[in-house]
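Encoded as structure tokens, here's the structure I'll be asking about.
Chain lettering (A, B, C and D) follows the sequence in which the chains are written, and residue indices restart at 1 in each chain.
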Amino acid sequence: MSPFFVSFKLALWTTLILLPVGMLLGRWLAFAQFKGKAWVESLILLPLVLPPTVIGYYLLLVFSPDSFSGNLVTQWFGQPLVFTFPGLVIASIVVNLPFAVQPMQLAYGSLPQEVREAAWVSGLSSSKTWWHIELPQIWQGILGSATLIFSHTLGEFGVVLLVGGNIEGRTRTVSIAIYDHVQAFDMLSAGWYSAALLVFSLAALMVVRMSAQKSKRTH
Amino acid sequence: MSPFFVSFKLALWTTLILLPVGMLLGRWLAFAQFKGKAWVESLILLPLVLPPTVIGYYLLLVFSPDSFSGNLVTQWFGQPLVFTFPGLVIASIVVNLPFAVQPMQLAYGSLPQEVREAAWVSGLSSSKTWWHIELPQIWQGILGSATLIFSHTLGEFGVVLLVGGNIEGRTRTVSIAIYDHVQAFDMLSAGWYSAALLVFSLAALMVVRMSAQKSKRTH
Amino acid sequence: MHTTPIIASASATTPSFDSSLEVRLQAQRGPSLDVSLECGAGEMLALVGPSGSGKSTVLRTIAGLRKVDQGFVRCGNTLWMDTENKKYVTVQQRQVGMVFQHYALFPHKSVIDNVILAIRNKSRKEKKHIAASWLERTNMTGLESRRPDQLSGGQKQRVALARALASNPAALLLDEPFSAVDQQTRRKLYRELAKLRTGLDIPMILVTHDVGEVQQLADSMCLIYKGQTLQQGSVHDVMTAPESKTIAKLLGHQNLFSATVAHHGDHLTRYQLGDGETLQGSATKLNVGQAVTLLIAPSAITIDNDSSAHDIGSNRLKGSVRDAVSMGDEWSITVHLDAVTKSLRFRIPQYQIDSRHVLPGTPINVNVRAGGIYAISESMS
Amino acid sequence: MHTTPIIASASATTPSFDSSLEVRLQAQRGPSLDVSLECGAGEMLALVGPSGSGKSTVLRTIAGLRKVDQGFVRCGNTLWMDTENKKYVTVQQRQVGMVFQHYALFPHKSVIDNVILAIRNKSRKEKKHIAASWLERTNMTGLESRRPDQLSGGQKQRVALARALASNPAALLLDEPFSAVDQQTRRKLYRELAKLRTGLDIPMILVTHDVGEVQQLADSMCLIYKGQTLQQGSVHDVMTAPESKTIAKLLGHQNLFSATVAHHGDHLTRYQLGDGETLQGSATKLNVGQAVTLLIAPSAITIDNDSSAHDIGSNRLKGSVRDAVSMGDEWSITVHLDAVTKSLRFRIPQYQIDSRHVLPGTPINVNVRAGGIYAISESMS
């Protein structure tokens, strides 16, 4: 399997799992008021400020078959997670959590409370309010968030290198392949891979910008 | 020199150079209206979405003594930049540009235009308006931006590995030392380094959160 | 049909009308609340108070958007809330019509879809018909397919009103509905709302801090201050006969003077004001010697020319002009009274006086009609 | 002293007063602008128009916050802008006092420091003294050390006014200063501003869209619509004698009827209104036969009882009630006139009529005083 296939598979899994998680967590953080909310928000933001190698190191510790958690994980998945694709997906989910939660929290937070209240007063239940009133106003946020997660997973390097271990066809993503080729002074192959990621990143950037503008207009 | 010293030196240089650049660019983007502004903003955001290895690859191309740009760079600095500390600083500046410009642009953008106009009407020149009216309202933004740049530089892995080349005492940062130790199965050393970066990142996160709250209160 | 039990204290103090709204709320934790009000069917009750007095909290609790520690809310024969009997009806089931301060339209839906979404238990065709007819009654015909962001402030408020009424609500709640539109639009909306409400036989509550708005739109008013309802009654009664000095001040009355009841006449009562000076006002049943606050209506004050007739029902006070401000075709005048070291403020038409006569410091005599003097018992303050 | 050259067209049309403000602006690119106005020293000129008409643009150009293609602005003997002679004075050097719509106080400075920052060329001690005295005149004494976020809307506006006046400005510019405060505060601020301005001998321009505000505060008014100044004159003249139908509509006049001049009498002119019906109004110099728009003041309309005296200066019109809305102690009534298929709208006090007589459809006669009828020449529209 080519590095491209591994990268896209990883990005797809990460996005599909994180999107509903981000919507639920983001909505909860936008609307709920509770003690310690600031701490929950900080915890979710943590992967954003932590260096990739630090995240990688702690994930390795958690996955390590010698540790208690690693034992649990091994029993659950039937195999140790270090240097495997499922391990990579979990690592990627942890790293991308802030990109899933924050845009959703902002999107929900920008909905005026009065508008949701007007829906309730009009007789719409919570779930109907979500479907008829909230969702149509935040789908640009969802699109932006998905694009961000997808493109960020595609480019993630440090954590993938540490947790995935650069195994050809299984955990070697495009980002890591570039590093490999540069190390081997194969600048031409590295150049092709880089150009491909560059084009994709630019496209993602444009999608995110456009969705941000659209959501500005409708508010 | 220990990896810690290299990391902090790099972070300090990057922050000191980027802070004024970010303030100027951020202010310009917040207040000026011109054609192609969206493109300039996208260009500045680019390092945020580009994978680290892709940025690293293109920086290597630019620095390479074989290339035209690399020739110019070599003449200017008296030596090729690949695998040197000055090269690392330049790479770090490129990678952190969005962290310097975006918070400043947001901070300036949140100043009501009417308040600046009131200052002009009151007879304050542009520079006096900046000093008496703008600066006191955005210094929390400056603090947040500096903290973000500093902590992000400390943790940067992919670009530093490609451009710096992991040379002991000169370009080996803490982030890279962690990777090295993990590769050598020296989990204890990697653990100490990781713990140090973790503590620093948490502190940085708290500074950023606090400065964001303060600036909310004064507006 | 099952009759909802009304708890004793309620039925004792107020008779329970069909489809009237009865509200009693109490809260000790957080901002304190001690509210009691009633609004009959077809009645527009203005809930008036300064910002932060708790008006909106009361309205939101009635709608079911907010909960309080202790409370009782009944609308017609339906009990919406009764904390004693642990009864609580959700906001969706209460079926109230509510107009929010900032319109709160659904931004992604057309005008007609905004209204349709609020109509329940009808076929799609019927809903559309009902929505269209309400939009007609709020003068929005022709704009049904617009989005809210293509509407002016006044138009948004009209849609919000149509949406609130289209659901055939049990009560209409208006939360400062005119605060976000400009003065000229406001006058038009006043007239439209006044016309629209003539056909509505439900309780209507209007939250506002504008006394002028109350006088134009409401039948009765309830004053609220620091979470407490102070006085409820017809607009005219509350405005002219406030029960306490606090209420008089909240209503914007400025000419308040301390006095004592001196003497009861046939149709007038005489009050002692400071040293020697007395004032005769409308008759009261207060005891002679009791301390009162006199409220002097600005409309009862005229400037005393030597030629003015001094009939029995008027008072003459000596003073000097403190300031006189020309505002349009009126003078706004403050007169410092000699007898009490306090000022009297009133307005008179520009043509009635020469500007030279109201220069600051000029001695001036004013006439106060006895009918414009109302005494508030101090003990009630 | 060097006298600033006044360009020919200006001095020809208007004599140049000391410290008056003269403005002429033109713009073709972007939103078009064709503005000409003048404001004398000590005069309060209201710049009135609907939102988007360009009022704020004009004010900001006078202040120097905005540039236009072609323009001429003179304040007293100083030329602030003259595009023909490439003269431009920066906003800092113009030394105007400006009050912004949303207060625009410096949020990180105390009340007194906000004012001090606007005072120039004085010692620190003098600045403090001047600031304190202006805060006293705007009734802000005692709140000098507060931050803007600790003030109410009205208090913020008072500080903004003190700041604008403390710099001893050459002109005072007020950009919808009352739009962000509530009605009750607004009335107080009106009075305070009216009092404060009596001592000011500079041109003052008030931008607003509220005609009521204009009548209370301004001496003269200038109507602006789609970037064009339409009519300038004293408030009374513009309000009662608008030069065109457009202006009449902008001012909120609703009773406008097409007619032709039929006959000139001694003190009255007779107008032909639709088929057969005629109306007599105040005398005009318009030619017989000319098409006019008649403007009927609502205050000139009364309901015709059979007992009413029909003097020479009044008209009797037949119609039927279209709707009658009770608003406070007044009825707002719309009468459909038989002669023309149009409606007449007016208000009458509640006590003057029985509600049974104003049920929709009831035939009714109205009386219109001749003095309340004003003819606008159609050709000027």
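Operating definition for what follows: a residue touches a chain if its C-beta (ideal position, glycine included) is under 8 Å from a C-beta of that chain, and two chains touch if they have at least 3 such contacts.
As the structure is a prediction and not an experimental result, all values here were calculated from the model.
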By label, the chains that touch chain C as well as chain D are none
Computed over C-alpha atoms, the centroid farthest from that of chain D is that of chain A
A count of C-beta pairs in contact puts on top the pair A-B
Chain-centre distance (mean CA atoms) for chain B and chain C, in whole Å, is 58
CA centroids of chain A and chain B: separation to the nearest Å works out as 23
Multi-chain contacts in chain B, i.e. residues touching at least two other chains, fall at none
Among line, ring, star, complete and other, the chain contact graph is ring
Which chains touch? The pairs are A-B, A-C, B-D, C-D
Per the touch rule above, chain C residues touching chain D in the complex are 51, 179, 182-184, 190-191, 194-195, 198, 209-213, 215-217, 235, 252, 323, 325-329, 332
Seen from chain A, its contact residues with chain B in the complex are 38, 42, 45-46, 49-54, 56-58, 60-61, 151-152, 154-158, 161-162, 174-176, 178-179, 182, 187, 190-191, 194, 197-198, 201-202, 204-206, 208-209
Seen from chain C, its contact residues with chain A in the complex are 63, 65, 91-92, 95-98, 100-102, 104-108, 117-118, 120, 149, 160, 163-164, 167
Residue set of chain B touching chain D in the complex reads 112, 114-115, 117-125, 132-133, 136-137, 218-219
